[in-house]
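Both complexes shown next keep chain A, but they swap its partner, so chain B is in the first and chain C is in the second.
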Partner chain A sequence: MGCDLDLVGRLGAYERGRAVRIASHQKVAIHPSAMVMSPVAMAGEDASIHVIAIGNIGISPAIRFVPDPRMRDLGDRLYGELGMLFWEYFLGCRDAGTYPQIWVSSRPATTLLDILADVLRSPRRDPMVRRFGDCLAYMSERHPVAGQQALMTATGALRQHFVTGQSPEEDEHLGKLLSWISPSPSETAVESAARVGKIPMGTKTDPKFDRDVLDPLLRKYENARRRGDTPAFLAAIERTIGASLESVAFPIYEGIQRAIRELSAASLPMMTDLPALEAKEIAAFNSFMEAIDAGFSIPKSDKPKVAARKLEEREDAEKNLRAAIILGTTTGQVAANAKGEVVSGKVTDVQVIPVGIRGRMHRVEMQSEQRVLRVRAGDRLYRMDEPRLCFLVTGVQRTGRTTTVSMRIRSGMRSIGAPSIGSFLDLAPEVPDWGNDMQIRMKINRRLANLPWTHMSGNTPRAIRKGVTPLDPLADLEMLR
Partner chain B sequence: MSSTAIRMSHSPAEMADDAVRRMLRSQYDGEPIVRLDSPPGAGKTGIVERLAGLSLGRLQERCMVVTQTNEQAFEITRRMAGGFPKLGFALLARKDLDVPESVTSSGNIIVVRKFGDLPDGPCVVVGNSEKWTRWDDRADIFDLQIVDEAFQLPDHRFSQIAGLARRIVLVGDPGQISPIVTCETERWRHDPAGPHVACPEALIHRHPDVPWMKLPVSRRLVPDTVRFVQPAFYPDLPFAAMTVPGERLLKTGYWGRTIQDKAIDLAGSGASIVQLNLPAGYMGEVDDELSDSVISMIGRLVHRRAFIRNEFGEFSLGPERIGVVCAHVSQVNAVRERLSGGLSGVFVETADRFQGLERPVMIVHHPLSGRSDATEFHLDAGRMCVMMSRHSVACFVIARTGIDRMLDSYMPSGNRILGIEDDPEFEGWNAHRRLLRDLGDAGRVIKLP
Partner chain C sequence: MPSKFHNRLQLLRGNLAAEEPGARGFEKAARNPGCQLLQVLTVAGISPGTASERIFRCGAAEGQSPFAIGAGIQFEAAQFRNSGGRVLQLYRGANRLTMSESRIVDLSLDNIGAQKADMSRRKSETMALLKMKLAGDPTAPNLIIKPRISIKLYGIPHDLEPDALVASDSDRFYRVVEVKSYPDRAGKTCPSDLRSACRQSAVSVVALRQILDASGVRDSGAIVPAVADLILRKPGGYWGTLHTMKIKAEVHSIEAFLLATPFLLDTAEGNIERLSPGSSLGEPRVLDAFPTCYRDTCREFCALADRCKQRASSEDNPATLGSRIREELASIGTITRALDFLHGRGVPPSKPAEQAMAIRLKEAYSRLTEVVSHGL
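Then we have the complex of A and B:
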């Protein structure tokens, strides 16, 4: 049903000729000191930055480029500069008690940063180049965590709030996506998207541009260097290369700025738990900076203990974000209701059952007419307007279109009380638990303080005989029955 | 290697017993870890029961049994207590978990709610994997850990319990649905022993010399079903059926003339899998006409007073002996809301929830039915394998015509990772095509009007 809602939204957008807003609340933080950047790699050199436009929200960019990133010394000079810039920014965030946030155009940019994070941390590289790699590694590490606010893609942020009449793949082109969100008055969204779709908005240059403009310049530069031409002549070619590359990076940068303006202009109320997500970001950032101070950096590959912790923390983050969206946004609740994750219905019975000498148990029965319901015995449900009231589902019975859900109150009876017969309940499957990641960390540290041999390299322990084996162990065992 | 390539010098029953003996001997030999791959219906729970019985009853050990869900824990505890009435068993359950009366009323089962109340000395304790990860007391670790449905346990969770016992046995079905991991796992995709990988697979990558046993026989599936399921879903795990052809049949008390009756008669003549195809059409997740066909099929079985003949006798085919399995919750609900009072005993669930369960007769809502494309979810070989292996007598697959054409025109995403041999997308696509082709070649596909 979730994908049906998306389809309905897309059809509506297509019919209207412009994007449809699908969020009732803003789900991403726009940090006032965020950096905005549009790195572009050289064709065929995926682990490179040829040009980058970099700045802050609402500010014109500084353009930095390398005449030829295949020349390692030239590339490292740029990376070193960026390393200083980033590190300064990270230190500033730490001093201010906040977290770094970086905006890029779309998913390919995050992939580029991820690749660079590994490549630039090679031990043989300059310390500031490695520091740039550390900063990128932090961003890349945070990016896959649900609800993270560190590394933002403009397309990802917009798509959480708008749906267009084009395919999700086309939405990853920032220019096309923006065409749908605020189409020009003189052409349709489809026409506008088709026109701007020819302008690269990712991390690669257009092949025609490469062939007709960049490649001749690069060859000219290479030849000049080989000939040992004067620095002034080389500098002139560099300026020409820079000017051509700026024409690629600048529109992407402007696109990201426009995306941020569109989100701000929507003037949506903040999702209730957005401050909690930002608090998580600050905690993660502080942890990273402490590790850097101690001489550690994010490993390129994870040993079993670290992998287990990271995976469980990511699953916890997913769960918390899902719960935050359901409880904290109107559209989230509606979507969850349609998918059968939120159970809505009327209370038909409440009974108080004595338990023991002075104890009491409250049984509640409700009926729902939802066609799709994902609830079964053993599930915990939380009242959406009062999440402290928690129910334990004891039975689910469907008769035709009506589902009777039998529950007992698990917690919250004293503070909230039982619902009354005839009242309507909306029950969510989970509530955010923002402290759970610390519990996970402590549990994994305890559990895997010593890694079991099954998760270490080396030989399997030798077998230690347990006694004399009967001739027929199966027959011998059957005698025990 | 097909099932026919298995050496038939022993009967299937003897082969099955020999495999169990080998497993039991491995425990007397003190093997620190054994991986046991089991085809569907091979008697995994029976093996778990026997291992636990051996550990406690003969070796006087402390044995922990790890399940993936609470329902599996209840089922295994019940089986063990019933199978070894002279031994005592403990069920580890969280404080507010309702334990069924069928467990609590057993005289040789105690329910333990706190780790501090775990029995001292020799014992068998059953609990789900998540619960076991919270056990902190390392002073008194167990002698044997048996992990049931091990292919549903991701390695990150196994790493947290593997140190709780001196010996480990991993029992599971390699053809079923992989562990459910909800978060992004791109970081570990290149790692064949990553935290998201099923623990038996990760174990073999780290320790290729670990003893690896395979059960050669299915007790649940009849030979006709093995003929289709084994080559499609278990190409590397040849196995035979315990029963002989004709030993289990679906029979009816009355004659019928509808198209569904043709399928029922075909099943009655020994065709354990029959597919019924509705006219082609692109549908959403819920296909009302297909849901109606499922109900219609159940109705015909009941109307014709169908009964099962198997090695234990004859049994009428009541609703409680029929199951319906679908890919999506919405499809489950669509079928459930159509079941009238008399048919409410029919068990309808998704493939994920049907794992570990069986019914004599199954009706399958084909996961690719009515789709214009094939996604990783719908192509998943494990999902289809679960759906096609829940029945012990007959299975009716209901689908829309056109799945074969859709598969033929399918463009794989080619989303491969360097160094990882598995290609779940291709394997799923290939398994679906193979099954459809084999059913077609065997004349098992009937067109519905």
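Then we have the complex of A and C:
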């Protein structure tokens, strides 16, 4: 049904000629001290920054550029400056007990930062350049984690709250997306999007701009350097290059600022678990800074155990975010209800059954009229207004339009108590568990105490021949461990 | 002697000069089998950029940055410098070539030249080398740099220039190698970059198969399997990485496109005859008569994407809202009809699929208006 909300929202936006809000709560944190930046790379040099506009929310940017990023010494000078800026910011966040947050325009910007994170951490680079790489590596590591609040894309943040009357791919162009969210009164959103769609809002310059403006300037600069022209002359060319690059980076920076303003202006209540997501962010950041202090940094590629742990953590983050959205936002609950993941119904029977000498088991039956219901025996369901109360489904019976769900109370009986007959329940399939990082690590360490044979060098276990009954099948199985 | 199709294609183009599509042109035309417009333009020798700029006068939306072109040229040059030293290193590191398998023939422009006669020479030399390999000649080269082959369309050869062809002594025939300066980020490598590189390789694979078929060789598909090698760039430098890619689907799509081309020519001529006898594809209304199949991915490779989107929008096509919605609303057909179901107005749904979609849309609509403070 989440898809249906998107479908209906897009149809509605198309009809209205402007974006439609599809979120009841704000799902991303806008950190007051967040950095906003619009890095632009040179075409063909994917591991470069040609120009960057950088600042804070609501503040005009500082523009930094290199005349020609293909010249390593010039590029490293810029990266060193950015490294100092970022490191100061990170230290400030640590001292304030908070976490760093960076806003960029869209997905290509996160890709650029990811590439730079790898390239700039080469041991041959200047320490401050490597430090910039470390900071970017942290951001890039956090970005794929569901619910992270460190590296934010303006398009991603807006798309969690609005849908437009164009395709999702076009929504990744920040200018087009903003055209739909706040269209100009003098033209339609479609006309505006078509017009601004020609302005680059990612990390690349327009090929025509490169051909007509930048290439001639860079040739002039290269020739001047080769001739050994005066520093004043070189500086003058550099200023011209800088001015033309600023005309590329500045609109992107402004677009990001506008996106943040639009989100703030929607004045949505915060998602209930947003503080928990931010707490996770602080914990992850503190862990990173401790590792840096100890002389470690994020490796470029993970060993198997670390990779398995990170994969488990990402899956856990996805599960937690999903649960947080269902429990903490109205639209999430409605979507999950329509999908049949949230079970809503009336309690029709509560029985107390003695178990053993002093034990008791509480059986609960509820009836639901939902058209779509995804529940089966063995599922755990949690009461949405009291997540500590957990039910275990023991049976599901559908008769006509009514589904009877039989459950027993698994936990929370003492703290919450059994529901009364006639009361209405909304039951969710999962609840977020924000404090289980240690459990995940212990689980992975336990399971991977011995590396499986697939990750060990040496002989693979012998294959069992067909048609021959093994004398000891269990021994053969054990050999595969 | 010009083939009988030459004149037909010339008439289709009118005053426009023929443009070689190259591997990129062929693979783009094959990407969207439902778009007859792109396919007709390609077979007629008109690029989408020319159609956009000179026929529709929308302004050119194609063209690479000179920096990207320069970076690509430099990366290629670095791989093939010193008789393909780095490429050999890659293949030896991957145990694809041994130290003794180092027979290299360099047919690049630097070595041979860029005049028309030089191009013919490159082609004939390439053919000779391919025949050597086919005949099992032990002195056949292991690496051919910048060979020149051709793919035939209506019997007219269109030249292609794969970056290299590679074969060990034990290989039956050559494999296509494409060198691309896209950054290699392992699992995070840009999918559209990979897609483009694989599809270009597929065109060369089909061309090699055609060459074998023309030479009377049986089972060209087994001798030239649907596999290609990609050499991508390690970010931050000019070192390459080698990847073997299976390109079965890509080869199939190119072959399917080539199979459909006879009908395209007849359709194109039929359209012109019907609309404006004696005119050509150089007129906008003639081009507008060809069906298109707008998808959001068209933007990735076609200069006419914006124009097609406008057309799809005027046709009330749900494709303007994205591929997923296009598929969801397939049973309904148009955006207007979907909106009618949403608001419970207009002609009621008649078919079961329409009825199911109508219920779904109305339910979703009422839930959305419930939960957001301003309705639709």
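In this section, the second predicted complex is superposed on the first by the 440 of 481 C-alpha atoms of A that agree within 3 Å, B and C clash if a C-alpha of one lies under 4 Å from a C-alpha of the other, contacts with A are read in each partner's own complex, and residues count from 1 in each chain.
Note that a contact is a pair of C-beta atoms (placed from the backbone, for glycine too) under 8 Å apart; a residue touches a chain by one contact, two chains touch by 3 or more.
In this text the structure is predicted, and so the values were computed from the model without any measurement.
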A:377 in the overlay: touching chain B, chain C, both, or neither? Say first, second, both or neither. first
Under the stated touch criterion, which partner chain does A:124 make contact with: chain B (first), chain C (second), both, or neither? neither
Name the contact category of A:4: first (chain B only), second (chain C only), both, or neither. both
After the superposition on A, what does A:47 contact: first (chain B), second (chain C), both or neither? second
Considering only touches as defined above, state whether A:300 meets chain B (first), chain C (second), both or neither. neither
Can A:331 be said to touch chain B (first), chain C (second), both, or neither? second
As a test of reading the superposition: which chain, chain B or chain C, is in touch with more residues of chain A? B
Now for A:358: first (chain B), second (chain C), both, or neither, which partner does it touch? neither
For chain A, which residues belong to both interfaces, chain B and chain C? 1, 3-4
Which bits of chain C are touching chain A when the two form their complex? 63-72, 181-183, 185, 188, 190, 235-236, 296-297, 299, 306, 313, 320-325, 328-329, 335, 338-339, 342, 360-361, 363-365, 367-368, 370-372, 374, 376
Of all residues in chain B, those that touch chain A in their complex: 17, 20-21, 24-25, 27-33, 50, 53-54, 57-59, 70, 83-87, 96-98, 133-134, 136, 154-160, 162-163, 168, 181-188, 191, 194-196, 203, 206-207, 209-210, 284-285, 329-330, 333-334, 336-337, 341, 344
Touching residues of chain A toward chain C in the complex: what are they? 1, 3-5, 7-12, 14-16, 20-24, 42-47, 111, 114-115, 118-119, 122, 165-170, 190, 194, 197, 204-205, 207-208, 210-211, 214-215, 330-331, 334-335, 338
Within the complex, which stretch of chain A touches chain B? 1, 3-4, 144-146, 301-302, 304-305, 307-308, 310-312, 314-315, 317-319, 340, 371-374, 377-378, 392, 394, 398-401, 410, 443-444, 446-448, 450-457, 459-470, 472-474, 476-477, 480-481
